[in-house]
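Both complexes below contain subunit A, partnered by subunit B and then by subunit C.
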Partner chain A sequence: MKAVGSRLLQLIVLLGTISTTLFLLLRLSGDPAILLAGEGASPETIDAIRADYGFDKSLLQQYLMFIWDIARLDFGRSLVNSQPALGFVLQYLPSTLHLTFLAVFFNSIIAIPAGVWLGAKPTQRRRKVLSTIVSVAQGTPAYVIGLLLIQIFSVWLGWLPSIAGTGTWAWVLPTATLSFALAPNLIRVVAASVEDTTRQDYYRTAKANGAAPNVLLIKHSLPNALLSTTSLLGAQFAFLLSGALITEYIFAWPGLGLILVQSITNLDFPTIQATVFVVAYLVFIVNLIMDQVFRLADPRLRRSQL
Partner chain B sequence: MRHKKILSATLSIALSALMIGVSQAPVSAATSTITIAVPGLPPSQGNPFKEGPGTPGIHTYAAIFDALTRVDDKGIVRARLATYWKTINSTTWRFTLREDVKFSNGEAFNADAVNDTIDFLVSADGRKTTIGSTELPELTGAKKVSEFVVDITTKTPDAILPAKLAALYIVAPKAWKAAGQDVFAKAPIGTGPYKVDSITTTRIEMSAFTGSWREPKADKLVIIPLADAASRLQALQSGQVNMVAGINPDQIAAAKKSKATVISIPAPQVMSLAYNVVGGGAVKDVRVRQALNYAVDKEAIANGLLAGKGKAATQGVTPSVLGYNKAVQGYPYDPAKAKELLAAAGYEKGLTINADITVGSFPSDNLIYQSVKSDLAKVGVTLNYTTITFAQWLPQYNANSWKGEAFGLSWNSAPRGDASRPYAIFVCKPVGAFYCNAEEDALVKKSNTELNAAKRLAILKEIAVKVTASAPALYIVEQIDLYAVGKGVKGFSAANRLIAYENIYVR
Partner chain C sequence: MINTATNAIEIKNLVVSFPTPAGYSAVVRGINLTINPGDRVAIVGESGSGKTMMGLSMLGIQPTAAKVEGEILIGDVNMVTAADAVARKLRGNYISMVFQEPLTSLNPVRTISSQLSESVRRHNSISKKEAEARVLAVLTAVGIPAPKERMKSYPHQLSGGLRQRVMIALALINKPQLVVADEPTTALDATIQAQILDLLRSGMGDAALMLITHDLAVAADVCNRIVVMYAGNIVEQGPVAEILSNPKHPYTRGLLSAIPKFDQARPALNPIPGAPPTISEVVPGCRFASRCSYADAQCTASEPEFINNIACFHPVTGAVK
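And now, the complex of A and B:
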């Protein structure tokens, strides 16, 4: 019960800090009333729009109203499409979650076996070749990967669609783009962790006792290597929740990243605030889950008071 | 064992997610569907008053709505929902309406519909919309004369009201009133060839409105925003879309290679660097402003960066715009003359110009600014430009709070196709003026109220001579709109960015 209370307090502090920072940054970023009124609008029109949205009030008044509203989960209405901002953002959450789950899943099934294979015998020649390929791939932007995949699988082969909402197969290329973009980093972390375990005393003892290579790898290397892997996967998951912008951009994917960029372009304060709030909340939840996963995976953490 | 459980749970979640995706996937398009990829959808969705008259709104609204008039690619005002118009007195225009028109929800189009639309536009809420506040602020109201005749009034005499009304889409009055503008935006009703089935931020799906006076030839229309030009072209090459609005000049060869037809339409816009003359500094001197115009090789830019489709700008308007003066030759590339003028102005050792620009609005605009910078450097002028967003650009433009001597500006004559629109930017505005010339200002005001067409055209041509000579901007190029149309698509045409969706079909 005490732990739940502590976590709840952390959440409130986190959301409060993020909301306040965001509120101040947005007010410094520009005046949405000018954008809404358009090019050459009269000062009277701009003032009328400011009054409509309460932007004519003092910063303190606006802030107090803002805090009161978000405490009731009322982010107001979008300045450009007039829909309730939170509802509008939540419409796009399922597709972001969906893509995130798929990307992390496929990233894991590509990267973990590859990383283990690389880390088990890093000095082998063919593994060095793969290691070099992974290093190059890590420097390749998701944008380039996405366009390449579209060119190969949509334009040349005609096998897969590249536009969201055109059928089941439309999930493949965005998922593959994100998976390939994330995989090199994960492969390297897994490989380094596996390699590191091979230098540990417990590994050498087991090896001296005649344990088979597969047993050494699965029983002694992998469980320890998975701790750092899990940590990175959690970070990648959280990163994707905040929007895989480039992927959404080139595939017209209806996700939070695209919504966030569009709302920033239009200085749509309510939608920006709602999006950031939702993402911050989700990242907090992911971190909470990752903590529990660590506790399950690492007996040392279970014994601690974390 | 524990790890196996975690792995198993993770696999289950991921596979469940995949299955949900499978079950939610929409049905693919039918063969009589026209799909177009555009750079963006209107953020205000189906509310045609909250968007400016250009892109991105026009690509969507041309399928749903109609205005009373349209302006063709020669700057001539043509019939749309109105078939005839004339002045009744200096502040009243009378419009005779088309009689065979219905809205897609069955409502009749008549004088009441026009009245209601204009009533909204002149209301307090309407004045807060972009169309109400910046495109048609001079409207004061409308009055029904008979079922299909309506009088529209303005504050002051307005010589080109019919052209300006090309920016005002008429909405179904009952649907508008019943829904309110916010709900209407999700289910807009107009008289155009297609009716909206669904609107999201990544897709608009429409069905043919067979009762439209512009009856469409296809069953469905899908508009997809793909902000990235490379993705748009790939979507066309892979056959996922039939047409693309907005390809880059460097993509023309690739588009043609994939059997697409590239259509280049002159845009009624001149890309320029406007000078903050009011702000002072070197650009206050007309010789400096002229020198910079001579220093830039505009022909090379038009040929090299716009694939020969654009043209060097000679003045602030393009040949398709009413008021263009073909006698005005502008500033040919003459770096020697530029140096001479700079020396005469006291800048023989060169000078530095700071500018704020936005990019991504026009084909190759980023490269064009780089080319301008390079040409200016050859005559000793250092152009330091900073790329900003439109949200940063607009408040500075409205208030003239520019810190530098210049800023990126388009002389945009759309949709009215009349020179008065860009000239209205270069006047002695009470707030935010960055250029003010009393003589030119008086002529611009005169052109706005002169009801005699011939006399008015003469005034506009005179303005072109004077404004070009006084060079309030570095005129760069007449811009272009590039479309790519896939194999089998028939009937595509566009004028003034208005795509004639009703004629398009796929064979």
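And now, the complex of A and C:
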């Protein structure tokens, strides 16, 4: 409970900092009314916006109003379609969650066995395989992979759709792109963790008691190695929630990344704010869940029983 | 199974070496040692004398880079050449080992009970329930208070002394013929050390004990035979009383006089000057010669052989003052 409390405090500080920064940015970039009204707006429109948003009041008053609105989860209306910004953003949440879960799932079932294979018996050849995969894949940006996959599977072979919502298999290419971007790191960390366990004293103890190689791996290496991998999985999950921008954009995947890019392009400040808040909140939730996972998985973090 | 009517283990001309830029260098340089059933043998020597490597290779769990030559005979199985599947059946069953660091030597994410049961069930086809009964019995035997509750504990929840008792329980649980204990009390504080030494002295059942230590006092306390190693060789061996009262090898004498004497008003430390040769160092003659006050031309010209329980050209007689 103490951990939840401290996380909650972190969240409040984080959201406070983000909102203040957003508030200041909006004011720093010139007259916010002109900015909000967009190019070529008539003076009447600008005046109306100024009165509507309270830009004619003092800066402190404006700031307090701004914080008050946010505290009530009122981010204003989208400048593009006049929907309440938060509700508008939340419509895109399920689709981002969908893609995130798929990517983390496929990344795990590919990268974890691969990492275990590489780490369990770090021969010269396996090391070479590992370093090749990691350097090639990590040196290739996600948008290159995404465009390459579209070119091969959608354009040349015509097997898979490249645009979201165009068929049952539209999730495959974006998931593959994200998995490809995340897998090398996970493979590397799993391999290093597994290899590290084979150098531990408890591994030697198990060996001294006659454990066979498969028992050593499954009962002694894996529980410890996967424990140290969990934090990376959590970080990757959080990263996808907030950072699948490019991939969502390439595949026109209607998620938070896409809406963020669009709202920035449109200078749709209420939507930008709402998106940033939703993402910050999601990352908070993920971290909270990861804390609990650790607590359950690692007996050393549980409250001592004796 | 294993025929052990004659001895618990017989080591013949054991050489353990590691690759260095200049080729293989030996840390164990041709050791012959027989341990009889129920024997209590102390292997005494400085760090780097090869005693731990000898212990690990007796179980066949030396580091993968190590090259082991010679014979380690348990019954008619030679642990040096035996297939892993054969050696595995003996490890933790016929021969087991207690390590120096009880905290890191137990798996941190598994309970005491699950780690001990694993070893019992590997070597005996018994049910989970029967295995747990054996775990409880052995934890009780090694003097763990409230053993039923401790079974559910994780290693980090126990004190250092209790953890080492658990390690000893793990070593004893399959009633082995030989337990190799590698500096089992070095990581513990003094009062706990004494308790663990008590346990090693009187709680081993029928098992023979090979106690690896750098501490002659510990060796004399627990064992009935002392084997002194120096730079990969056995330099002297004999019954405890004989070694303590009449040590013949200058190195053994040096070790004895290095023990601080607290009956004096101001105990003077009497260290042996110099350091042992490094593993890749080529030493013609006796490897202790450079630190030995008795050494002469013969000592640096050729290496003394191990004859009549001593490897020295100039054995000394009389007690160490």
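Just so it is clear, the second predicted complex is superposed on the first by the 256 of 306 C-alpha atoms of A that agree within 3 Å, B and C clash if a C-alpha of one lies under 4 Å from a C-alpha of the other, contacts with A are read in each partner's own complex, and residues count from 1 in each chain.
Here is the rule we go by: a residue touches a chain if its C-beta (ideal position, glycine included) is under 8 Å from a C-beta of that chain, and two chains touch if they have at least 3 such contacts.
Being a predicted model, the structure only gives us computed values, none of them experimental.
Asks: Under the stated touch criterion, which partner chain does A:Asn81 make contact with: subunit B (first), subunit C (second), both, or neither?
Replies: first
Asks: In the superposed arrangement, does A:Thr205 touch subunit B (first), subunit C (second), both or neither?
Replies: A:Thr205: touches subunit C, not subunit B.
Asks: Quick check on the superposed pair: does A:Leu11 touch subunit B, subunit C, both, or neither? Answer first, second, both or neither.
Replies: A:Leu11: touches no partner chain.
Asks: For A:Pro223, decide between first (touching subunit B), second (touching subunit C), both and neither.
Replies: Touch partners of A:Pro223: subunit B and subunit C.
Asks: Looking at the overlay, does A:Ala192 come into contact with subunit B only (first), subunit C only (second), both, or neither?
Replies: A:Ala192: touches no partner chain.
Asks: Taking the superposition as given, does A:Pro299 touch the first partner, subunit B, the second, subunit C, both, or neither?
Replies: Second partner only, subunit C.
Asks: Touching A:Ala137 in the superposition: subunit B (first), subunit C (second), both, neither?
Replies: It touches nothing on subunit B or subunit C.
Asks: Shared contact residues on subunit A, subunit B side and subunit C side combined as an intersection?
Replies: In subunit A, residues 223, 297 are touched by subunit B and also by subunit C.
Asks: Write out the stretch or stretches of subunit A touching subunit C in their complex.
Replies: Answer in residue numbers: 200-202, 204-212, 215, 219-220, 223-224, 227, 297-300, 304-306.
Asks: So in the complex, the part of subunit C that touches subunit A is made up of which residues?
Replies: Per the stated touch rule, the residues are 59, 61, 85, 88-93, 96-97, 99, 101, 104-111, 118-119, 122-123, 149, 152-154, 156-157, 167, 170.
Asks: Per the contact definition, I'd like the list of subunit B residues that touch subunit A in the complex.
Replies: Counting only subunit B, the residues touching subunit A are 2-3, 6, 10-11, 13-14, 17-18, 20-22, 25-29, 37, 43-45, 47, 50, 52, 124, 127-128, 130, 133-134, 137, 181-182, 185-186, 200-203, 224-228, 230-231, 234-235, 237-241, 258, 389-392, 394-395, 397-398, 424-425, 431.
Asks: Enumerate the contact residues on subunit A facing subunit B in the complex.
Replies: Interface residues on subunit A, with respect to subunit B: 29-31, 34-43, 45-46, 48-49, 52, 77, 80-83, 91-92, 97-98, 101-102, 104-106, 108, 147, 150-151, 154-155, 158, 161-168, 170-171, 223, 226, 249-254, 258-259, 262, 265-268, 293, 296-297.
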